[in-house]
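Structures are listed in the sections that come next.
Consider the two complexes below, in which subunit A is the common component and subunit B and subunit C are the respective partners.
Up next, the complex of A and B:
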């Protein structure tokens, strides 16, 4: 009799644990995520996580400090400022599409759009702004988009991420999908985003030092020496996929937007540091 | 003795022929069958948003070999593509639930 009761209790306990594990609780995830990185890297100041590999490797940091005297993203920044202020053919500007005329708002992206029920990234918002004003969409992976987002990030430097997840089942579903994408293995190499950026930050892949997932989106867009140019968030995600020998999704695919939403929420409170420079 | 030897040779040749059907040259029909199977599997992987680059490369190599009338190579590449596509499908279905074990708690 006692055995039967014990077995029943064990089954019920297991079911309860599964139910808890399956519940979407962004705040609990946030606390656990932050605790994981701060405990693993106790010497790294919290706000320094946004500096990615430079927060993990002293020698690399010295190189970065030297490089940043003449930032390699400066040309993109200048170009972005000029593009941002240049009116469309109809006389309106990018600023007309955004709150506060688009200045100092980077930290609020991506956000959940209650009207459409989807995640809106800054890159998507910029292209929708263009299309609403009769202009063609820009490539999500090329220099013009990188320049525009570089300028907008620059106007938000130091502002803490402030990503909101409203208690709307669609927002929670998008968050959960982004979380699932982040932790799912893919590609012939069977790597998840978390394989590198949770399990192995600070370690080397060839000559590169892997960045921690905490704050990883804060420096975007970035100039990468490996690319010999600027790269958008879209480019970063596509490249990660192909590095695992997976076929990348279309830029701004729902999965990419959702994983950016998840990672940005995990970075809440950390300062925007973009545009950045990486090896 | 000669008849026994002749029978052994015939039996050996017959065994080799039966045991090694791949020695026979592949035909265009074989290639089309293998390609259709590979493309069907890759399409399913695409629906799961989990295609692999090597699968695409093997499919391209199969088509290139077929265009050069090298159907042995074309069939081999198409079969390789199907194997890879099926592995990516398995991965996607397995990860549909397995990802939860990796979540920071």
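Up next, the complex of A and C:
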């Protein structure tokens, strides 16, 4: 008898699992995600979500408007432009690795590569470009990488995010994994990404105002006064983990790329606003 | 090497508003690096803005000013098209200078 119950339970569990896998529906998630934020913050114009904490706090916004007259990311932007235009030793440039010579394409990243079945972020693509041209890979977290992505984001400002999830099981799996990572609690403080950026945007954590997850990737890379410098998407994800006293993964780990894929898809239609400046 | 100074000066009739950003580590001398050694002090001591041979603004910065400092002020007596010269000197004797046209 007991064995029969056990077997039925196992069958039911297996059925439940396939049902979960079958219900990966990015479009439905997208609608629910956006509706959650627009309902919770009815006064915030949709395109303003990309401005993170400034869309939530009027005082902070005033300071930002003043700062943005002479933005602190200016040096990185100038450096990025110079790096982008400087040929590698073999005479090729970054532009040769990208569609439209790398200008105005930030909104298409990350994308699903059908050949290799992996998620390619802009930062990964830049280092692969360097390696394909016989150059050493850059650090993923700051300085040169942030300068390059700052310039590429700047040339794409205002372009709406256009992330595609093809109906390829590998792409859907990556999306689902990113979503799972985003909503999973971890670290000593037992926080998920969503604890701060879905549950509590606009609220204070110490002196910081938490940014909404909707559009949070649009402003990257950012100059953070707290960091005293620029940081990439990789850096943002790493510090999110360490701030919850979790152990961060390696930059551009598959999980991080999947989270970026998930978050960028959720931001579809919102304009690129990077490089950004944050407290 | 690109200049360490970014400056914008705009004249609106009577007054000229100046904003400048300087790229500098501004190490106070009290911070340690990853291996526990003190990072020696390295900061700007004096910043000056000159217009028509006269110093219109002097700032005595020091170890307490943050990295990549920003400054904003306004002064009277300049015209559009005039030259404005910015210069800084740090505690190691390094310096930079830049001349811009008032817009």
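What we mean here is this: the second predicted complex is superposed on the first by the 257 of 279 C-alpha atoms of A that agree within 3 Å, B and C clash if a C-alpha of one lies under 4 Å from a C-alpha of the other, contacts with A are read in each partner's own complex, and residues count from 1 in each chain.
The rule is short, and it goes like this: a contact is a pair of C-beta atoms (placed from the backbone, for glycine too) under 8 Å apart; a residue touches a chain by one contact, two chains touch by 3 or more.
A quick note: this is a predicted structure, and the numbers were derived from the prediction, not measured.
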Clash or fit, subunit B versus subunit C on superposed subunit A: fit
Partner chain in contact with A:255 - subunit B first, subunit C second, else both or neither: first
Touched partner set for A:100, first subunit B, second subunit C, both or neither: neither
More subunit A residues in contact - subunit B or subunit C: B
Touching partner for A:190 - first (subunit B), second (subunit C), both, neither: first
First (subunit B), second (subunit C), both or neither touched by A:246: first
Contacts of A:72 with subunit B and subunit C, given as first, second, both or neither: second
Subunit C versus subunit B - closest C-alpha approach in the superposed model, Å: 16
Doubly contacted residues of subunit A, that is, touched by subunit B and again by subunit C: none
Sites on subunit B touched by subunit A in the complex: 49-56, 84, 87-88, 91-92, 95, 98-100, 102-105
Subunit A - residues contacting subunit B, complex: 21-22, 29, 32-33, 36, 179-180, 183-188, 190, 192, 194, 198, 242, 245-247, 249, 253, 255
Of all residues in subunit A, those that touch subunit C in their complex: 69-70, 72, 74-75, 78-79, 82, 228-229
Residues on subunit C engaged by subunit A in the complex (per definition of touch): 2, 6, 8, 19-21, 23, 66-68, 70, 72
